[in-house]
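Before any comments, here is the structure.
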């Protein structure tokens, strides 16, 4: 078998098997190097896979050589490819440029475990994105969740521990709900393979258990995706996790859960289950709107910038869900493009936060007041990423916002509501991003040392890489938009 | 007859569960959890799930109880009394339950051979296994070959738990700044309990033997890496209880534990890599030898070994992490 | 050098200049030289385009295709040409003036000032040459953001607060109204390219048109239609060169320019003329003119008064465009130029007075004519142009607008113009009178003219104001093409 | 008999209820974890219940025995995995609880929250 | 002969069950820990042993019997040990038998 055919497996196996090796490595430097190498390799593989998908259509890989539905198969279509790009890219950038920030407050004796856990998160998320088997999703969801608990608990503040515990409880409940749902579906169809489920679920005479299963799966994944009002674990987890971890997870982890949600809803349920399509629109759309409003509102008054950005993430998840809840080509395109662009913007913002945190003690607004002069590069990138989050034209954020509004315009009266909400929250975004930028540039510093203290070079470099990516994909949005459109077409092709 | 017995056990399960939740002395709760797991195990057994029963008994009743006790030794024994006001919770919970019951009315009756579960994939496993893999225990076949990828993931989950606990609590001699020498030497809990020590030393060899039996007999009867690993760990933990952490850590050094944790997973993954190099898919054991059936059996034995090693290593490491944290 | 490249160069030059300025920040003289060189070369480049446009060419430049059919594209048409030429030319003058002003008041962060200024100019070029609404919107936002640091230049609490108003209103309106309007247009018509004769006609009808027009008018906050005008007075906290070029010429003109373009190329004059639901624009503009003039009448601070006068004058352009007759469209275009010359002169004067004497209030200006004859002469010319007295540029534009109004017997417009002319006279003439003829208040410290670059600059603009009365033919030719297309 | 056939499912539902209640209503963290394991055990029961076939035996093929009925191996495999995941989660949770107790001096969630509120939001 | 063995096994089974029952009642009814342990130990020694023996007789000379034998041996080892450890721990924890009059020297 040629290497190209093995790529899907390698995508997951490389980080998955580097992790135990990293456990054995002593010394932070070595383990960091190994972890970075693995995730860079994963990123390269992801790029290769994406190009293959774009040219040759979806890939399929039979684990252990057993055909579906008897064995587990990997199914990588445009959507999965996009997810793989996000996950591996986020990991590669944050690891490569984040060494200084990570070493800041973690004793060297444990770092190798930390990096191993990091790789496991990476492998878990990639595995979820790649697999075509409902139970396998559960396994990899647990892999990534457990490992990310470790990463978050590594935060220096003691509140990281309680935040992690809350996350652990809610995450496990979510996973178990998902497990119940899968169990019910399996009970009625006798298969675990997505594609196979789709075929067999149609013949199920009584759809009650299926409907309940849909409910459980949706709720479970909503917990993992921090959909309002199940988001309560997210703000603390993001706030007290190590900054690099926040950058990594905020860029991709919740989106992967949404990805599974989309997959299950469109591939398995909506095609066969009239009631479910309605359930999706009726329950998720309002939640999405509420999430957008509440997230933005809280972000406007929050004083700790990490928590501020975390709440803005809650709002952004609302956007993604809103686009999906239109269940239209435009809507799904917008939703997928949002995943990509939000990952870029939020990733850059949290990287900037990490960069600032390498020089400034606190992360409240009054702590970072007036550091624009001390860390010009970091702050410029921060402003740029902020513009992208707000959706200033010329940045990636604008593209997705445009697509979302455009999709909303097709929706008639509900669309109008959606537009009003989105516009309101964009204004809110202007406000809360501006609070940061203005504070950074025009705020009066607490202590009057205006010595030039730029963050470590690799960090700034990575930060600018992502920030410029925001601009690039704002002016040449071909890649994400093409992927998004293909993905939307795939998903919709499963509707009746 | 079995049905009635089943009803009896299930009812006991419910009662135990309620007791666990209501009891305010956590120590008692933990003990009850052990009982709960045993009941669950026997329940699984009457439902013809021998492997699951064995696992639940070894892991649920055995290891997790030990871990809970280990944690309890470091935290308060009693749950704080507190006033009520949990209507919200009650409502949510009741709603969930009602939804489940609502769904269950349509479910196939217990043991209905016509249920779709028994139609599609399962029969294929039962038919093809003899000719494709040719080992009696179909569960092992599915676990080790058809869904080996899941099992690999499972091993990684265990490994992650190990990594996490060691990261949070440290392991004298491997993670953190403490060395085994810092630990209190000599007999610990049972210093003045002669009888248990004698009996324990008498039993440990048998337990290890049994672990190996479960490990390598997994293809033919119930058992396999997970159960074996758990039992093996149990034996060492017993030794630690009798002789103390320090001695136990001298028997299997912390570094060895780390090697076991990773080594098992690496062995498992290595098999997959080898199959890839030999031109097959990941974990496609058939290519290992000229005869695919032999190859399959070989692969399964190897990966089960990997599973066993990792599970044993991780469970031991976790136990030591908890036990050493105290003193 | 073919026109297409020229467009690109016109937008890149200021950016390159910005980089250069940033690099030379350490040596003020070099930095100033870079600024001037950039400005001059930009003007040359832009002017080199005019013959092509005169000849009726419409060079196009497609930078990057965005999503489904939309692309980042630029084309040059008469209105844009005029605007670009105007802005680029005045940038030279303004740079000269800035040097005098910034040094005279030894402001801090001068490098940041010049850099942001250059970026803003490049954004203005982008707006002028934008080939479709999306591109225009992009440059519009860039302009807003790049001017924020200029407005907040002083950096003290009060300044930042006004700057916040400035940004809040401009960004808010553009996101909340302008963007939805664009998307609505796109959904309705499937394109956003500026087409002579408009793209909406036949796609929308009835009250929807009025609503869409409303979204545009108030979404384009830079046009400062009441009630979204608050940002302009707020922006007066900026150093005077900023107020002069940006908030008398570049930014505000970008607003009315965008609006005019939307009316001519998106709605289409003929189409809009047939829409009863669009008439309200005329009344809104009229109201703004009168209200702004009244408010200006009551101002004590010179720059704030000029700001309100600007609001009024902007609405002249909108009014003219809203009269929807060929002559009035020309009037709109011409007024953009005329008002630019006049108002920049006034601001220069105000700035010069501040630099020389630190005076900002009207009642401090008694007898200042004696101390600063050149400045006040220029000020007088500017004021006359605002009122519309021959021989100044203001008269020309007013003439065309009135002519247009008569063409369509639009009595509201006529009435508005007459009344507002009286009001303008009412708040400008007293100042001029005070400055020249009334005695200076005792105890005022002695001072002469402002630094020579500033004086030079304001004299130049004053001369331009006069010159425009006599030599306005080229502009008329250029814009009559526009009308030719409108007809 | 029809109802007896569903009894397992109801026990599953009740266990689910009990465990879930403990998780969300009890402030004591160890109690939460115990509830969590009951909650998961309930799901194990659901899966194992569906693999039972009347008159079947464990899916260990006896050579030579023709038309023997075997129960369904697949759910057993899934639950083997799930059990291991469960214990891993519990172990990690317990480690967290130990650390929390060291950091806060309590493992009652409401008390830790109180402490967090009182503490000024310092380095985050 | 088989008849006899069968009868014997049944006697043992029933007897075993009886002892288990008694043990259970004892655990519920007896006053304090030590006496209860006494009753409990009855269950896991005599009770279980009799039952195992009964099953062995049922099984005859097979591998199963061997396994049962092993189980019996282990029970014999562990049961008393556990009881001992429990009692010892309780005593060291300062739990005295109900209305016990101990000589001073062994009081904890």
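The chains carry the letters A, B, C, D and E, assigned in the order they are written, with residues numbered from 1 in each.
Here is the rule we use: a residue touches a chain if its C-beta (ideal position, glycine included) is under 8 Å from a C-beta of that chain, and two chains touch if they have at least 3 such contacts.
Quick caveat: nothing in here was measured; it's all calculated off a predicted structure.
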{"item": "Partner chains shared by chain A and chain C (touch criterion as defined above)", "value": "none"}
{"item": "Reaching chain D from chain C through chains that touch each other, fewest steps", "value": "2"}
{"item": "Most centrally placed chain, judged by C-alpha centres", "value": "A"}
{"item": "Two chains joined by the most C-beta pairs in contact, as defined above", "value": "B-D"}
{"item": "Whole-Å gap between the CA centroids of chain A and chain B", "value": "31"}
{"item": "Inter-chain centre distance, chain B versus chain E - centres from mean C-alpha coordinates, in Å", "value": "29"}
{"item": "Euclidean distance of C-alpha centroids - chain C vs chain E, Å", "value": "101"}
{"item": "Cα-centroid distance, chain B relative to chain C, in whole angstrom", "value": "75"}
{"item": "Two or more partner chains touched - positions in chain E", "value": "none"}
{"item": "Multi-partner residues of chain D (each touching 2 or more other chains)", "value": "16, 20, 50, 74-75, 78, 81, 85, 88-89, 92, 96-97, 99"}
{"item": "Sequence positions of chain C contacting 2 or more other chains", "value": "none"}
{"item": "Pairs of chains in contact (touch as defined earlier), listed by label", "value": "A-B, A-C, A-D, B-D, B-E"}
{"item": "Touching residues on chain E, where the partner in the complex is chain B", "value": "74, 77-78, 80-81, 84-85, 88, 92"}
{"item": "Chain A-facing residues of chain B, complex", "value": "99-100, 102-108, 115-122, 124-125, 128, 145-150, 152-154, 156-157, 159-161, 163-164, 166-168, 170, 175-177, 258-259, 261-263, 265-266, 269, 272-273, 276, 279-286"}
{"item": "Residues of chain A defined as touching chain D within the complex", "value": "135, 138-139, 142, 146, 149-150, 153, 156-159, 161-162, 164-165, 168-169, 172-173, 175-176, 179-180, 183, 186-187, 192, 239-240, 303-304, 306-307, 361-364"}
{"item": "Sites on chain A touched by chain C in the complex", "value": "387, 390-394, 399, 401-403, 405-406, 409-410, 419, 423, 426-427, 430-431, 434, 438, 441-442, 475-478, 481"}
{"item": "Residues of chain B touching chain D in the complex", "value": "3, 6-7, 10-11, 13-14, 17-18, 20-21, 26, 29-30, 33, 36-37, 40, 43-44, 47-52, 55-56, 59-60, 63-64, 67-68, 70-72, 74-76, 79-80, 82, 86, 89-90, 92-94, 96-97, 100-101, 104-105, 107-113, 115, 117-118, 121-122, 125-126, 129-130, 136-139, 141-143, 147, 150-151, 153-154, 157-158, 160-161, 164-165, 168-169, 220-222, 226, 311, 318, 321-322, 325"}
